[in-house]
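Order of writing sets the chain letters: A, B, C and D. Residues in each chain are counted from 1.
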Amino acid sequence: MDLALTESQEMLRTTARSFMEHEAPVDVVVGLQKAESSLDPDLWRKAARLGWLGIVLPAEYGGSGDSLSDAAVLYEELGRGPLPGPFFSSGVLGALTVLEAATDEQRRRILPAVASGERVLTVAITEPNTSWGPGGITLAPQGRNGSFVLNGTKLFVSDATSATDLIVAVRTGDGPGDVSLLHVDAKARGVTARRLPGFLSWQCEVSFDNVQVPASALLGEAQRGWAALAGALERAVPLLCAYIVGGCQAVYEKSVLYTQTRVQFGVPIGRFQRVQDHVVRLVNHLDSARWATWEALWKLDTGRPATASVHMAKAIASEAYLEVCNAAHEVHAGMGVLIEYGLPAHTQMSRTLFHYLGDPRWHKRRMADALEW
Amino acid sequence: MDLALTESQEMLRTTARSFMEHEAPVDVVVGLQKAESSLDPDLWRKAARLGWLGIVLPAEYGGSGDSLSDAAVLYEELGRGPLPGPFFSSGVLGALTVLEAATDEQRRRILPAVASGERVLTVAITEPNTSWGPGGITLAPQGRNGSFVLNGTKLFVSDATSATDLIVAVRTGDGPGDVSLLHVDAKARGVTARRLPGFLSWQCEVSFDNVQVPASALLGEAQRGWAALAGALERAVPLLCAYIVGGCQAVYEKSVLYTQTRVQFGVPIGRFQRVQDHVVRLVNHLDSARWATWEALWKLDTGRPATASVHMAKAIASEAYLEVCNAAHEVHAGMGVLIEYGLPAHTQMSRTLFHYLGDPRWHKRRMADALEW
Amino acid sequence: MDFEVTYTEEQQRFRREVRGWLETNVPASVSRTPTSPEDNYRRYLELRDLGRKLGAKGWLYPTAPAKYGGGGLDVDHAIILEEEVDRFDLSLPPYYDSGGRLGSASILVWGTEEQRQAFLPAIYRGEVRTWQLLTEPGAGSDLAGVRMTTAVRDGDEYVIKGQKIFVGSDNGTDRIWMIVCTDPNGKRHENLSWFMIDANLPGISMQPMELMGTGGEGGTDSGIKQTVFFDDVRVPAFALVGGENKGWTVATTHLELEHGGGGRIGRNRVWDRLLRYCQETKRDGVPLSQQQDVRDSLADIYIKTEVQRLFGLRNFYLTYARKPKSYEGPQLSYYRKTTGLWMTGAILEAVGPAALTTDPTWGSSSGFLETQQRNGIVSVHPGGTTDIQRVQMARRIGIGRSTREKAGTVHGAE
Amino acid sequence: MDFEVTYTEEQQRFRREVRGWLETNVPASVSRTPTSPEDNYRRYLELRDLGRKLGAKGWLYPTAPAKYGGGGLDVDHAIILEEEVDRFDLSLPPYYDSGGRLGSASILVWGTEEQRQAFLPAIYRGEVRTWQLLTEPGAGSDLAGVRMTTAVRDGDEYVIKGQKIFVGSDNGTDRIWMIVCTDPNGKRHENLSWFMIDANLPGISMQPMELMGTGGEGGTDSGIKQTVFFDDVRVPAFALVGGENKGWTVATTHLELEHGGGGRIGRNRVWDRLLRYCQETKRDGVPLSQQQDVRDSLADIYIKTEVQRLFGLRNFYLTYARKPKSYEGPQLSYYRKTTGLWMTGAILEAVGPAALTTDPTWGSSSGFLETQQRNGIVSVHPGGTTDIQRVQMARRIGIGRSTREKAGTVHGAE
């Protein structure tokens, strides 16, 4: 048993922490919040140069071939911002989906450009019914002679306004899992991506209006799309959880510092039991998310059955980030809701990720199924 | 609008409070806890003499014809003990069920003896499936030529070990509500009542082994039993809630007193915010239960539609008593779990009444149905 | 007990009169959700105009004494008025005027006859709106710790310097009232003074603060509060209410009201709209309200709003029947705030991400769900954090201190 | 990271050896739920006998130093032992001996070599059981406030007077250790002393306290604790561990362990049995575990037990890898207690009133659900209320005081 990071993980953490402090301090993160696209070209180039965009990809596809646990160290640091940008959408979920679904030729065509940052992927799964299982996919392409025509809408697609390539899950049969994945050019005629307004962080509507998709756009085999996506999700979700853990950690540190420095009634407010209790609640959620996430990563990296652990980690992490932000708002009162202070960026992200890729109730039920109760 | 008690209600409260202080202080209540029967003959006689056993009955049946709100004043005081005994089982639910279901002849035969305390009723509704709706009633009498034979089990029957007469809900048809009520002598051959052991307050198993029941035992008409019972429950449940409110109030007062007098770290523990927060949680639950209960009573007494309010009151009160006791245990630590201190009698009662006549989830769903969402 | 206000025939006539008047005078356009800052301002002016019309009839502050320009009506008539404006999703006043509502209560209790005559009519008639200035960078929960903003007597005037934060809303104000420090070396609670002043005096300047909540006066933009700077602002000594260094005592009046002491009647707007949304929105062909999960969440949410209504009703009764109160004011406030915050999560779980967007297609109508998601958080701190409200409750229950604290007085000479 | 202990071939052989030994030596009868006080005592004697056999092999306190009679085994072997006894629903020691477990840790750290040799072997070999005596009527959460029980030096002896409450369990004890006041006028934390004494000395008497929980040593009767009276009890000065007035320092060692600092591995017994119960019990023909409501509750309960397991694992790792700890000890304890209390409600809602009865027909097997209903409440206070555990957490996080507090030492000379 060893619950410490390895030496190389510690080094990666130091690099990433320093990157975040210099390139993405709170004013940068706050400044990006209202942008239509989450991608800041300068940050994106630098991240690509550090090899972060291909961190989960094997070397043969231009990646660094790191373990998921290694990548989690990076995503914890990115989550501290919370740094916007399609890091996860493209570099993790997009990359792993292509890796799971595509033919080797397709992989070689797509993935190196993902690792280098030239291509930006996002995976379009859910629709207005907002279900994250295969049953929620109803968008069915027309046309048969090899090519496809798409008409319809995908919703809550992360970072679609900065994507160059969309991986679209479509229904191609009547069986529950008869889903195929199409690789669609985000600039193709008839494709429109729009950031949804409100208390959401770069979740987009993508609409397809008579979009012509060539036969070669089918990733791998038809009807095998859900199996591939499920495999990619199982490995991607714990990295989203790591991003959340990093967010929780940053909010925790902000809150502790505030209780130590904010003076009311002549003493730092951390002396008041009620304020302490908000912090206690916060750290309990943080640690729950952290250890559930890391155990799931360990199971995946060591080839153990991990499905139940992954669902549990997402359920815990989703709830944790929401509750951590709530507790932080109680600690900070007025200061916490000032946009420029930076806490609202976490709060909005916590709401966004609460449901993204499945909310706690959905994951708890999948967990129970996986445990075969 | 007037949220105060009437003058006569204030008088009843004073009488009942004084009765409880003299006849049923904490050592009496604690002393009764392990008895097989909840009925203390001396207390029962005195309560009868005060007219409390017929408080919801019209004068023509030997009762005092008080409103439900009047009766609620009494039941709040009894709940402070919490005073054991079939006050509610016989004097409220039993009496109202007979009133709703029976023919005038039957009422005249049964009810005056209930008001005088000679007969002790209890209503046997639920079975091993522990559902409180008509669907949960599966015990079906055999025999047709007028008389009935009962074989089976009723569970969680309150105070059955002190009852002289059982009102048994039986299934007499295939329709969901095809239920009839039989008036069974608790001493009849083949009837066995047994207090269920454990963290339950006088909830009993009643088993029927070839029990012969004459035709005259049918209360009112066949198949009309559920309608009658539903009518009785709608009026009885708020009085059970009032008993719970009284319990919550007593636990609240005990807890406040303890925080004022228990000294640790050189000050009364009430000075600590964490201790205060247990009390705050407690009083919020207490007041929720109180006002939901009294609004339901007011609706019933003024002939307004009250079904949703009654379900809401029971859902809130059930949860409140449980949480109030939990908070009190956090306030009291070790002292609170000493049997002789009296808090455990409330804690056990709170668990018992959590589910009795329907748990919060059941009542919330019935409330939603009643509101026609 | 009686949980309902019973109306006489005269009162029912009054209700018909009010309803008819409102149907004529409330512009249909005020129900819109503003789409831009300019639109927000236009809507604000429409509401101010409505306020002046209500004020002229004595319906803006219906129970305020008639001799100062209020309605002089009894509680029953006030309830009718509130219920009727509530049908238009409005309150009295129909715009952000908590400074007027709370400030006028303090003046009525603590002002001299001259001050009442000078300050109250403009408020009651809707001619001015008023912001309250309490919080300072170093004095939030610890309101009695106000030190940064000071006033020094100079002849017939006071000179005010300093800074207040988290003030008001958008679109400016006519009047402000504030607590300032008039004795920097004085004892706590005996060193503050309460002033009612003109918002346009030389030396007063404002700078907006962008908040996570939605617009203070409607709209789905970020909420705006102000930082207000005082640079040697000269105010007449007449602006001092309740006497020098008596400001804390004066403030307890409005704090009791702000902490829920006054109670509330009326329906819960979030609930009504949430239920309607769940009944009208289908997922996989079935209305949300018919799905067991959502139904269970709705039941939980409904029950909390009902308890809040009951606590509000009780406080309303205690206030107007002049019964003694203890912890009930802060209890209502605490319950309302914690319920609002809890509800953000409950609604998010029940409704899903549609609760997070103002998108006209994929969100809820007028973005009201998204507004609740933000404001359920932002509403937790103004008027005292939930921590402070528990401090109040504990003191009044009699466990926080060696002597039990009393509720502030909210009745004045009438 | 690696969340699993990896076993060498030697360790796997050891596991087989332990398993075989336990299968031979654990009487099948100990798994019964005692039905009477007499039966409870008989079962206790069986467990003590098992303890002596384990002790003789060094398996009762496996990581304790061999030179004092412990097992001298490393952590991996200890884990194997714990996992194997856990298969019999037992722990090490297999009876209530927290006094021995916590007391021996203190002696190992703070005792002299002579004291270690005198006190430890009997504990490690299972020859004695030990109760701890801490709480007094006036000193519960405020343990440092012990004043009622005093010890006065008289030559080579101390004379102890006073009273301790909430002590031990049923069936008596051989040894006791306690904190007493040795300087009534001394400074807080510098006026207590720590004694290890024989439970049968003249002047010691006990009186049972009946509690709401179930029997401390099994059974579904009321739980029993003791009030212990000291009437001029003379103990040798040798019984004083750590020096006069150093008792608070000595106590911090056991408090850290008691507050979860040591961590825990192993499965959650309530969970395993609850799941099995819900799979085996049908309602209306369908297993509880297949009903969506119950399934959702089970998922919530499972997740909390998993988090508790992960916190325990982390603390276990930190302890035995000798990594610095901060708030993790009290966090585990706080989480365990609040989860246990919460779970009483969650199980009651999921399973219904069957959770409340020990009835063999209508309750759960051996009444384990009913036991959880009681003990989930009763377990909240021993070893520090949840309030006190939050005090500890806050201090160690560095917000409760001006200087951050360190975790107590749990390692001694080995």
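One rule holds in what follows: a contact is a pair of C-beta atoms (placed from the backbone, for glycine too) under 8 Å apart; a residue touches a chain by one contact, two chains touch by 3 or more.
Computed from a predicted structure; not experimentally measured.
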item	value
Most widely separated chain from chain D, with each centre as the mean of CA atoms	C
Chain B and chain C, separation of their C-alpha mean positions in angstrom	42
Distance between the centres, which are taken as Cα means, of chain D and chain C, whole angstrom	53
Overlap residues in chain A, where contacts from two or more other chains coincide	272-275, 277, 361
Multi-chain contact residues (two or more partners), chain C	387, 390
Contacting chain pairs - touch in the sense defined above	A-B, A-C, A-D, B-C, B-D
In the complex with chain C, residue positions of chain B that touch it	1-5, 69, 256, 259-260, 268, 270-271, 273, 275-277, 279-280, 283-284, 287-288, 291-292, 294-295, 297-299, 312, 315-316, 361, 364-365, 367-368, 371, 373
Interface residues, chain B side, partner chain D - complex	128-131, 155-156, 196-200, 203, 205, 263-266, 269, 272, 274-275, 322-323, 326, 329-330, 333-334, 336-340, 344, 347-348, 351-352, 354-356, 359-361
Touching residues on chain C, where the partner in the complex is chain B	1-6, 275, 278-279, 289, 295-296, 298-300, 302-303, 306-307, 310-311, 313-314, 316-318, 321, 323, 327, 331, 334-335, 387, 390-391, 393-394, 397-401
Chain B-touching residues of chain D, taken from the complex the two chains share	135, 138-142, 145, 165-166, 209-213, 220, 222-223, 283-284, 293, 341, 345, 348-349, 352-354, 356-359, 361-363, 367, 370, 373-374, 377-378, 380-382, 385-387, 390
Chain A partner contacts - residues on chain B that touch it in the complex	272-274, 277
